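Both complexes shown next keep chain A, but they swap its partner, so chain B is in the first and chain C is in the second.
Entry: the complex of A and B
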């Protein structure tokens, strides 16, 4: 019978990090994934912590991590492990030739597609907000036919967020997309993957912008996890280029996913697609296997350890019944729901309080092992990571990928 | 209870399918799986709606694999295509490409039929007849074997064993590439299994489905389901070497039709390498391997990846049989059954396969290994290398010991 050291269930950021960190420790890893996870929607930038419980901005991510409540995943993981996970991630990106920038002591304020700024911690070089400082001349690049990116809106809000004293100018680029369908950032990024597309784009940019300026654009600087397009366009125009976050498909998310998948391949991780894990097999308090349910039949996968990265309520990792019960279907981990269902959400979506529904999840010990209602470890060789964890509202506090990274890493250190 | 629901409302419009769709990447004319599949399906449920770019979907199933919500996007597209052809006429081209089995049977009915069919296809190609009906003349069509698998199988005296499996060869193995079937037979015999061939099996229907002949697919599905059930009820496992046949028999039948026995049959249908790896897990695989020289690259057919059990042929050849083989891992080859044979889809198919062809050329290997017959033809055409089925390699490894 084949048996892995570690089986990771779920191919989102926390699962990919857990798989990479486990494999880096020499473990034999299988990744069971069903669908692409949320990396096409997720930004691919790593927020660690932006706002405290009262919606006040924290001075830097590290001080934010220090002040979280006891039930917050960061509290369980501990500051040192969070620091180690950041170090691990930055090293991994460097090794994969797609270095990220940032550190725990500095809050980065990056521009969104609406021209507002949001706090984050680790970003790819295409989203380096320090470049906003180099010039007062800011060009906002738009593309004809591109959906959901409005240069005028970006300018309007940048005037508020960056100040009226700077010079904003909109530049429209024509990429001659002839198919007749709606154009997405993915189409434009693919255009810039090609030498011909880059040459045409550079030609148009050079006619419309002055060197030594700041150029803000949607996320279009190539589809692959490298800086080839960024470097070539920056060199040719003599400008600092910055990508903004936009609606899906998220190029920065897709690039990070590609980078991590490439890394897992090199590390020899076995990846099984369309593997829908439905249950586990337990013996004497330990999990010995998990079972997938294909349209044809069930299949059993054996391992020493299991990392559960199935994405919480949104990702299908936790299931809520009509009666307000929440279930974790694979290991039957009990989920404590202390708030009555009618109070799961605040009346105001963007209120200054965390959403109760967002904080519902699995309680774990400091190794990420699930706890029962009495606070005892439920299954000693199962580790729960990412959005399945209780005690945090990533939208509110800006901690999503940070918790995914830190918990995925922590689980890998525990197996 | 039926496991599958063709429910477009499970789509959350995350666009993972758009990001992974090889056709969307290769041509700006396709509006993409999210729009053409679940988004328009909601419209089609209430009123008739013809989406002109629906014809671009190749049913490769990369969208289904990407979808985090389990929406069978490609099957929604195939159902919409079938609906379209309820009221529109098929072209001669689609008729020819969808009915390879009919042509295959014809070549077997006439003396030297395969020779004349192949000759006719070549002459037709050179005279521009193929292009006139809309079949690409830039690539060879699958040639017919002089003797079908069925006919060759009958001449072979198998060693009898108590363990028996039923083999579903599929049209490509039966009419075009019988060697794969013979190699399967040799491998099973080496593992002390006797192979039963059910001659009444008909085409799984995959080539007809992609051309919108849903009623005919259903007829074939009923015939095959009845025959499969006969064997499954007696406790036999059914094995196929063709990943598209496997996907069709197990999954697409269940997504498309309500026929008694589908689910029970699906439980007992296996990919050949998957079956052998299960034997290995139980310690029952014959591991008396010799060693073969040479370096190989493996291409995983999309229709294998969509089945959700990984890449058993890679594990079998590399990890168990010690073959020097690597996974090309370069995505869809582009051909998608008969899609790449269509004159107006040829360029798209070749564009999609470009990454794989480049990977193969850079690797320097002379032989690429893949389960799917049309993937092998596409690789042979696009990368100019030899192609074989994994079981051919496995047979060679066994025979290297003798």
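Entry: the complex of A and C
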């Protein structure tokens, strides 16, 4: 019978980070995952904190982390651990030859496929927005027939976001897809993965754009965690290329996920897919094992420590079967919710208030151990991370992936 | 100066019925609607084309009108009617004595009600509760309120009928005790305009009291609030009614791939008191569970509310106690000639109401042309050639859906768009199979001023994802064609998603909650639509 030091349940960003950080500390780790997590839905960039409780912009991510409420995961994790997690992440990306840029003292405003700007912190080099601030000539590249990307929309709103004093020009690229199927960003990215696709794209770009400009693109610069496509296109055109964030699937998310999986393989983490954890086995206030229901039979996995990274409502880590009722199905961690509709969601979808339901989740101590209703540690060798946690609305405050990174790291430091 | 012989106020079923009828009889008619067509009750109900069974016992006259109009609408509006048939099901807790009365009443007014054994019923409707004691088949049908109204408009237009949406009537002008016109205010621009006319008819439904008040006349319409749930499944293939005196939450109506359960009843504070509440949803689920025990396992799409325009000469009658018959009020009796209101009634009898109202107007205008609305179909037959051509361009099975949604003329334009650019056959809304060409066509048809207007005509955003993907695509598509209805496109995002949010809020649990997390992740987390409030310049 194998017994791990750490079992991580969940293969999203918080789980992958927790597994990597634990393994880096020399722990024997198993990662149980079921599905791909939400990394290919979100955008593969690390938002730390962009807006305060009243939707006012914070001056930089670090000052944002300092001013969060007491029930916010960042408050429990502490600024130093958040800093350490960012350092850990940047080092990891460098080691994997897919470096990210950014730091806690600088807010990066990246362009979106709606032409808006979004505040974030750590981004891959394909989304480096620095030149956007200064360049006078901005090209917006679209692909004929590409679904989920509208260059006209990007231009219209960028004129508001960045100012009318720049020159904006739309450039359309032809690709060789036919057959009537809708073309997605994934199709274009795979086309650019190929040498032939890159050559054809570069040829068209060179005819249509001037060097030393900024070129906004859909998120299509390759499917693998490297900068081959970016570098080749940038070199050939003499321009800075920037990917804009759009609706799923997210290529930058896919790349980050691949990078982390590659890293876990090297670190010797045992990864088991399609492992749907259905329950835990507890003895004297400690968890000794978790049980999965595979296609054939139930399997039991033993470990010293367990990191719960199963996600929130969207990911399936929290389950809501009726209004005001939310359950954590594996450890049955109690979750406090209000049942009145007016305390559950705001009248407006978009406003200057966080959505109450978005803040629902597991309460933890500063080591990420779950707390019961009295505030006592519920299970001493279980650590809860990521979207499972209470106290933050990542959509509103722009802390998506940031809490996942910091809490995943913190849990790994606690095991 | 704009003028029309007759001005119809209200773009619901009754209003468009009158518009069409008058236009077909050669009368110069203009319809004014305060928001988009079907803004009021005609889209905020369960979409049931009554067989009359529901009214048979309490209100034989209403029941008789229903069965007659039911037969007519199947004939003239086959693109809006889904001939599902219906069951009346008596459960053990329902009064057995009522069953006898009901069977007799149906017989009396000519509603074919065929009894089948519960066993046979379970074979036809496997989800139906096995507690059913007796089951009858009746000719109920499902009817699409949005489509029916727009197809009436299209028909009226062919005869010269005109309409204006987003046009509020703020004053009824009179001279020597006779109506001479109305003053309107454009809801979007705020512009005011006088429109001359000889006759004003108010078909304003729940707003009829307010319209009459403009002329200083008292019409007692009590809006009665009703909430319904749309499920993302066809729970049954047939309409399922409870065989008992009409009560809350006991009708299930399948439409396409969804089912609507309704309706609650409570006094409305005002005509647009239409924000659905969780408590009402819970009440509906509790009642609905008696008919389908596994009801809570089905994914809900949204809840929505409307107000029934109940009219009573007796101001104390309320809720289901009030009659569902319609009444024509000739305000000459109140001292103003050339003004009438039509109040009460129900969707199923809209055509009959329009006919009677039009007869009345024509009499006063001395127009003798007869009513033909019961004979002529709402939409002209679409040629097999056009349909065959459409199939070449439309993805999957969406050509037939689009054909019934759009009718022949618009379909032809859509096919032309696809012919010119094959990329226009891309699906913007995968849930409801709506193509880019359709969205463009409808957005440019002159009666669309925001994305919700496009939605009501195409069903874009009405499916499972409730706008999660099609919002970005439709804003982008509309921007790409150079049209944003004079609005900041960020407002288009917000208007559309907020309209969806209204119906999602009261049912936020299970997969609905998951879906909204995805939607927020995209529009708030990734695209920062919320942060774009101030258009922060960097």
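Assume the second predicted complex is superposed on the first by the 406 of 415 C-alpha atoms of A that agree within 3 Å, B and C clash if a C-alpha of one lies under 4 Å from a C-alpha of the other, contacts with A are read in each partner's own complex, and residues count from 1 in each chain.
Just so it is clear, contacts are C-beta pairs under 8 Å (C-beta built on N, C-alpha and C of every residue); 3 or more make two chains touch, one makes a residue touch a chain.
The structure displayed is predicted, hence computed values, not measured ones.
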Side-by-side fit of chain B and chain C on chain A, or clash: fit
Partner chain in contact with A:28 - chain B first, chain C second, else both or neither: neither
First, second, both or neither for A:2, with chain B first and chain C second: first
Partner chain in contact with A:55 - chain B first, chain C second, else both or neither: second
Touching partner for A:177 - first (chain B), second (chain C), both, neither: first
Contacts of A:148 with chain B and chain C, given as first, second, both or neither: second
Partner chain in contact with A:41 - chain B first, chain C second, else both or neither: both
Which of chain B and chain C A:286 touches, first, second, both or neither: neither
Superposed model, angle subtended at chain A by chain C and chain B (C-alpha, nearest 10 degrees): 90
Chain B versus chain C as contact partner of A:398, first or second or both or neither: second
Partner chain(s) touched by A:161 [first = chain B, second = chain C, both, neither]: second
Contact breadth on chain A, by residue count: chain C or chain B: C
Shortest CA-CA distance in Å separating chain B from chain C in the superposed model: 7
Touching both chain B and chain C, residues of chain A: 38, 41, 180, 182, 248, 316
Residues of chain A touching chain B in the complex: 1-2, 34-38, 40-41, 177-182, 184, 186-187, 190, 248-249, 254, 265, 270-276, 292-297, 299, 315-316
Residues on chain B engaged by chain A in the complex (per definition of touch): 3-4, 13-16, 18-20, 25, 27-32, 35, 53, 64-70, 250-251, 254-255, 266-267, 269, 281, 305-310, 329
Chain A-facing residues of chain C, complex: 277-279, 282, 395, 422-423, 425-427, 469, 472-473, 475-477, 479-480, 482, 489-490, 493-494, 497-498, 501, 505-510, 513-514, 517-518, 520-533, 535-538
Touching residues on chain A, where the partner in the complex is chain C: 38, 41-43, 47, 50-51, 55, 57, 109, 112-114, 116-119, 133, 144-145, 147-153, 156-157, 160-163, 180, 182, 245-248, 312-314, 316, 320-323, 325, 341, 344-345, 347-352, 355, 357-358, 394-396, 398, 400
